[in-house]
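In the two complexes that follow, chain A is the common piece, with chain B as its partner first and chain C second.
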Partner chain A sequence: MEIGASVASLDPASNVVNASETSGESDLLPLVFETLVVLDANGVPQPGLATSWNHDSAARIWKFHLRPGVRFQDGSPLTPDSAVSALANVDPAWHVSSSADTVSIETSAPAPDLPFLLAESRHALARRADDGNSVGTGPFRTTLWQAGKRAVFSANPDYWAGRPFLDSVEVTMGAASQTRTIDLQLGKADLVDLPPDMVRRATDDKLRVSVTVPTDLLALVFEADRRAVQDGRVREALVRSIDRAAIVNFILQKQGETAASLLPEWLSGTAFLFTVPVDPAGAHSLWEHIKPSPTLVLRYDSDGALEQAIAERITVDARAAGISIITRALPAATKSADYDVRLVRLQLSSPEPRAALSDLLDVLSPGSSEDVESLPNPASAEEIYNRERGSLDGFRIVPLVYLPRIYGVGNRVRNWEIRGGNALEGWQLGDVWVEGEAQ
Partner chain B sequence: MTFRAKLFWLFTFFVVLAVGLVATGVTITTRHAFDQMDNRHTDALVAQFQREYQRRGQEVALQVRGIADAEATIRMAIELSRPNADVSIYVNDARGVATSHQLDFLDFVNNDGSIISSADWPSRFGYKLEWVSQPEDWASRGAFLTRVDTEAGPALGLLAVATLRVGDKNLYVLGGEKLGKEFLGTLALPEGMRAVLYRNLDPNFSAVDLIDATGPFEQAERLAPLVERERQHPVEQMMRINWSADPASAEVFHVLPLKGRNGELLGVLLVGSSQRERVGVERRIILLSVGVTVLGILLGALLSWWGATRVTQPVTKLVEGAKQIAAGNLNTWVAVTSKDEIGDLSRAFNQMGEQLLAQRERMVQAERVAAWRELARRLAHELKNPLFPLQITVENLRRAREHNPEQFDEVFRESTGTLLFEIENMKAIVGRFSDFAKMPPPVLSPVHLNDIVRNVMKLYEAQFSGVGRPPITTELHLDEGLPTIQADPVLLQRAIENLVLNAMDAMPGGGMLALTTSHRDGTVRLEVSDSGAGLTAEECHRLFTPYYTTKQHGTGLGLAIVQSVVSDHGGTIAVDSEAGVGTTFRIDLPVTHREPSHQAAPPPSVLESAANEDGHNVAPGSNGDEAPMGTPSENSASSTEDTGAGTPAPVEEK
Partner chain C sequence: MAASNPQDARWWDSAVDSFVAKIAGDLKPRAAISLAMKNISSLDSATVAGIRASLEIAIRRRGFALASPDAKASTTIELTLSENLQDYIWAAVIHRGTHKDDEEQVEIVSVSRAAAVPAASSDRAMSLQRQIIWQQAGKILDFAMIAGDANGRFALVILEPERLAFYKSVTGQLQLDGAVTIAHEKPWPRDVRGKIDLEAQSATLPGVRCSGPFDHSETIQCSETALDKAGIAQLAGGSVEISGRDVEAAKLGAVCGMDSVLLASGTGDWTQPDVIRAYSSAEQQLAALGTPLDYAGPVLVLWGSSDRRSARVVSRNLVTGMYEASIVSVSCNR
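And then the complex of A and B:
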């Protein structure tokens, strides 16, 4: 398998929302680590390492019954205590305890969506082995890890659901998209992730392309403390100048959706209510009334070719509307305040709308976390919509497009399936087998 | 300046003039030739650029045409000709095609002018280039210069458009090269030349748009006026830029306007030709010219000197000969070495010398004879007077012996008295002549001239108003500040007495005698003036000639003695005389005694007199040593012309 990302480490706790920093890691985590709860294709929680669960009437105290006979890849059994150890530091608001075969999680506030949270890969159960490496209970165990370059996972014969069909999974990281496509075409790779602009070529070459539901959000975030964008008209002019459809049709090769909301339609069901008209003339008119007009600096992640193409297109649209704007490519980790607006790529963390929105807003507007917390739990669709709408007012956060995950699948790969909401859970290779390989 | 120096400088001047004219001519001709060569060089380069420009344009047009004719492009055109064709799938196609064809710009443009795919600005898809879709025969137009909007800003491109028509729809392929430093870098330029491009993309001059093969042009502001002028009048021009005070830094720019397809000025090409090599060659030529000039001048000077010497050598010999003759050495010959005019002149000079020598011999003989005759006449005259009484006395004595013996004793006594008297008289006459011949050398001592003058006046005071003669009034104008001089008081007094006696003789009817002393510039002056009848020019001329006198009883030695005394004191004597007014003798004596310049005192034969502006001046030191014995100087004759009439009687010696 080949992926474009260079994964530095495989640790559930490090998997965060910002897709630009964790791209690829979320795909690999399910090979080694499992969560108490998993989501089915419809996003409904299903038993994972927990066979069942219940909660009190306030949904604050949850008890999860562990699946018996599960062992970590180092041979140690999964016990309530080990589960507590894995979850204890995940969320400071949680009080995790064990009793008999159950793990109890007590939250400070009602948490009816707790199973959804526990289904996120970052809540997978991991144990620190004697050699210092993290081991999980998944179908594969790590036998070679070269950070950012190569990893080899071998089948876990003691896997509680039965040994996987594949003996081993070899992952090459950091491969160029052209290389990945060619290797897939030549059969040197059985599964690769593909950028949108390679889809047509893969399709023309009769390769199987698997596209998930939108899992990532590309958005513009205006810096709150930048003087140039304090004027709402500046932000609005830029937003009106952007032709999202052109981005989706040309740059994403229609492998994505225009975004006017933070959550995609499949997740919230209310995305259709958000619209942002393409209005270059209006943007031009608006900009002409801004005196003096600033020169905006748009920052994007220098490691992302897709982000670069989109940032350049935004620049083209903006300049066509008369807006003065320049781009600045910086590595994602660079802490620089010398920009007015940033193009960010965010990964939806949860198939549960409230949790996903909360995580998004945590990243996009960390200063308004209290508002996020003020969302009722559970929150109705209307409450989520209102919160989402409120966050978008004022054009501080501007959703642009939703991106799916696109995989090229070799012709001999069988039983590969990505279903609906579990697209967020990464590769599920436990039931996959390769035709022609000795089983 | 000597004749030789004049000839030398004249020859040198003409040599310098000739060499300078030749050097200037060579320099001007060389510069003109260099200018022409430079112009041809630049013209060739400009023509080369234009050919290169056209060739690149043809290449671009061919490449774009080739892209349009490629199968993939035809397929694209076919797909796009269908209703509701999806253009998005071609958005990245241009980049790969442009890379494979090494084009800087490549756009696939839809029938409506919208960009389907752009290689240089991929994000610009969907935007319209309406001018591309306008009706135009792009195939015949070929490549053209145009402004291209890129992500980094406007640029200049050499573009071509190829049209691919499928059904009723066109697909335009727009591609070309960027006219930038890379383009300039590909131009093959000879050493010392460079191409600078100004991209006329802004309304005002922009320094960043001025580039050469290495990037932004340094010192762009120096070329700004040139570019600005071209922007105002887009025609081919030339201009010289001096980058520094060193002329070698100069660069001549040939300016070419680069126009777009609508004739608008889009670029300015400046083909610079460094003048360093040319200036270096010019400097070498100038140095060579200067060297040749200096050598020529030196050689010319040497030749001039040689020529002048060769020409003037006979003349110089003639001059030397003339000087020898002027100095009295008439026995002087000049060698005759040529048969030209100079040779004739030398021969004539020698003949003249021979003539002069013969003539002088004759004159000396004549003078000598005349002097002896004069001396004989004087002696005879002087001696005849006492001889006659001697003869009478002796005859009386003989008659008394014969006829009156008784009275013989008395007669004898009286006669012997007379004889002795006359004999004494004759001895005195002979003694005076002898004294002049044996003038003693002066014995110098500090003397105050005024005292001597007063002594003389006191000595002759009684004679001025003597009984039986008209009185003579005397005046003394003595400078009491007169310095003491080194002189022999006896000789000096004798000379002054002679002058006073001469003045008294010049005023037989009475008159006024004035003696004046003064001093100036280390010299004391004594002037003795009388109010006599004056002297004639002839008399002035011969005034100081020994034995010359017009008086009945004079020996002609008085003024000769005066002149001898003055000369022995290193002084000079002159005479001014005017008929009817009187005569003034002027004696100038040095305060500090100086030896007379003549090496040997002339014998009492003939002394020459000289004249100066003050009158007749006898300066034994000036010409006396050069004048031949017995030969009157030419100056003495001229001095008499100044004196006018006047007839002073030559004084008797005291």
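And then the complex of A and C:
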């Protein structure tokens, strides 16, 4: 396997800021770590490390019955106490305790969506082994980890759901997209992730390409305290100048979708209700009335080639509408306030609309996710839609495009599949086998 | 979850009622409405037509007039049938007035997709028929039906990786009547198989055999057995090579004037829809017969019945995620 991301560490609780690394890490995590609950392709919670669960009438006190006979990869058994240790510090609003074969989670407010939250990879159960590394209960165990470069995972013979068919999985990280494509073509790699601009070449070369539903959102976020963007007309002018379709057609090579809402259609079912017209003339007219007009600074992640191409396209569109704008490339982790608007790439965290919206707003508009928390739980499609609509009023947050994950899959790979909501769950390689290899 | 036929009920009726109640609150009494509908969901055209007909009736019942699409109506409703993973979403944009900038309102209702899963089609004129016996979220290795008692009640045995479950029919519904836990030292292989032998009153898994009278499940005992080649071969079932791949197969007896018929699955993997097709096997050459039976996911197990008239099939429905136990039988087109 070859991926473009350089993943520093494999830890469910890590807080990665680089979008590319987030994507790489979430692909690899399910090889080693598992959650109490898993979501099927339709987004419905199914038993994972918990075989069943129940809750009180207020959906505040939940009991999860642990699957018997599960062991961490260091040989220690999965017990209610070890599950409690893994989950204890995940969410300060949870009180986690154990009894007999159950893990109890008590939440401060009703949480009917708790199974969905527990299915997120950040809630996977990990244990700190004697050597200081994190071990999980998944189908593979880490036998080599060279941060950001290479990893080897070997089949876990004691895996509770049966030993995976593959003996081992070798992952090369940080490989250039050209290299990944060529290696796939030559049979040196069986699975690679591909950037959108390599898809046409891959399909022309008769390579098998697997494209998921949209999993990432690219959006502009205006800085609340920057004087240059206090005037709503400034924000609106920039938004109206951007030709999203051109970004999808030319930069993404049609491997994405224009976005006018935060949640994509497959997740909310209401994305089609949001529209943002391309209106360079209107943008020009708005901008002409702003006196004095500012020069906007657009920040993007210097580690992302795609982000750079899109930022440059935005400046082309903006300048065509008479808007003065410059770009600034900074590493994702750099704390700097010297910009007016930022291009961000965010990965959807959950196939459950309320949880996904809450996590997006947590990053895009810190503080406003509390408004989502105040939504009924579960929230209706209409309530989600209204909250989403409200968060986009005023052009502070501007969705641009949705991106899928794209994989090149070797022709001898069997049982490879990412369907529907499973796109957010990363690689599920337990059932995969490679034709012609001794299994 | 037992098999049911939700198509018997028009699942969208309650959604139509709540939808029309919602939009009625936004409209003037006796308003003339122009209704435009668009389907971007996975619903088929027949279902969409049914929804439209129900909507029109419900709108008229509320006292509104439906204008023809060409006529100028004071209110236009643009209804889009959409969906997300869990629900069908019906979203209406209501325009009041005839100008583009006039007031606009959005109303949304959702219907659980779980309540609207259509049953597999069984009315096609084919030589193979499929009867779904049971479906459940957990893995099924094999199943067997035990003939009815004096009251016509029958029992169903489901072999799962961790238990042998016994269901009895009570007033037409199958209810869990008992279960035998299957203890095993080591984790099962990932592609674990198992087989029920009704005549021997036993169920076999790799290295484990459970036996005892199936009508007294509490007396069934499971014990470890030697995991020899013969045992593994017995669980492997029948196979045949089609298009260069070994696929599941079961040989049936004389039917439709032929000495025997072979039923075989398709050549896809576990991520793909599958088929079961009948073949004649005269002169060592397989010749496909009739129309294949479509499955919404892989056929995992295909065993011929002891009377060689039908086959029992375990498959996984990739749309619903459920494992399905079904009986496939052959009939002759006349």
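We adopt the following convention: the second predicted complex is superposed on the first by the 432 of 439 C-alpha atoms of A that agree within 3 Å, B and C clash if a C-alpha of one lies under 4 Å from a C-alpha of the other, contacts with A are read in each partner's own complex, and residues count from 1 in each chain.
The working rule: a residue touches a chain if its C-beta (ideal position, glycine included) is under 8 Å from a C-beta of that chain, and two chains touch if they have at least 3 such contacts.
Values in this document were obtained by computation on a predicted structure and should not be read as measured data.
Partners chain B and chain C, brought together by superposition on chain A, fit side by side with no clash. Once the two structures are superposed, chain B and chain C can be ranked by residues of chain A touched, with C on top. By the touch criterion stated above, A:E265 is placed in contact with chain C alone, chain B being left untouched.
When both complexes are overlaid on chain A, the residue A:W53 reaches neither chain B nor chain C. Shared-chain residue A:K254: touches chain B; no touch with chain C. Of the two partner chains, chain B is the only one that A:R200 touches; chain C does not reach it.
In the superposition on chain A, A:G430 contacts chain C only, with no contact to chain B. Using the contact criterion defined above for the overlaid structures, shared-chain residue A:R414 touches chain C, although it does not reach chain B. When both complexes are overlaid on chain A, the residue A:Y300 reaches neither chain B nor chain C.
Working from the superposition on chain A, the chain A vertex angle toward chain B and chain C, CA centres, sits at 150° in steps of 10. When the shared chain is aligned, no partner comes close enough to touch A:F64: not chain B, not chain C.
The minimum CA-CA separation between chain B and chain C in the overlaid arrangement is 23 Å, rounded to the whole angstrom. Common to the chain B and chain C interfaces on chain A is no residue. The residues of chain B lying in touch with chain A in their complex are 88-89, 91-92, 121-127, 151. Chain C meets chain A in the complex at residues 40, 80, 82-89, 91, 93, 106-110, 113-114, 137, 186-192, 269-271, 318, 320-321. Only residues 197, 200, 243, 246, 249-251, 253-254, 309, 312-313, 315-316, 320 of chain A touch chain B when the two sit together in their complex. Across the complex, chain A meets chain C through its residues 40-44, 46, 69, 158-165, 265-270, 272-273, 351, 353, 380-382, 385, 414-417, 419-421, 430-431.
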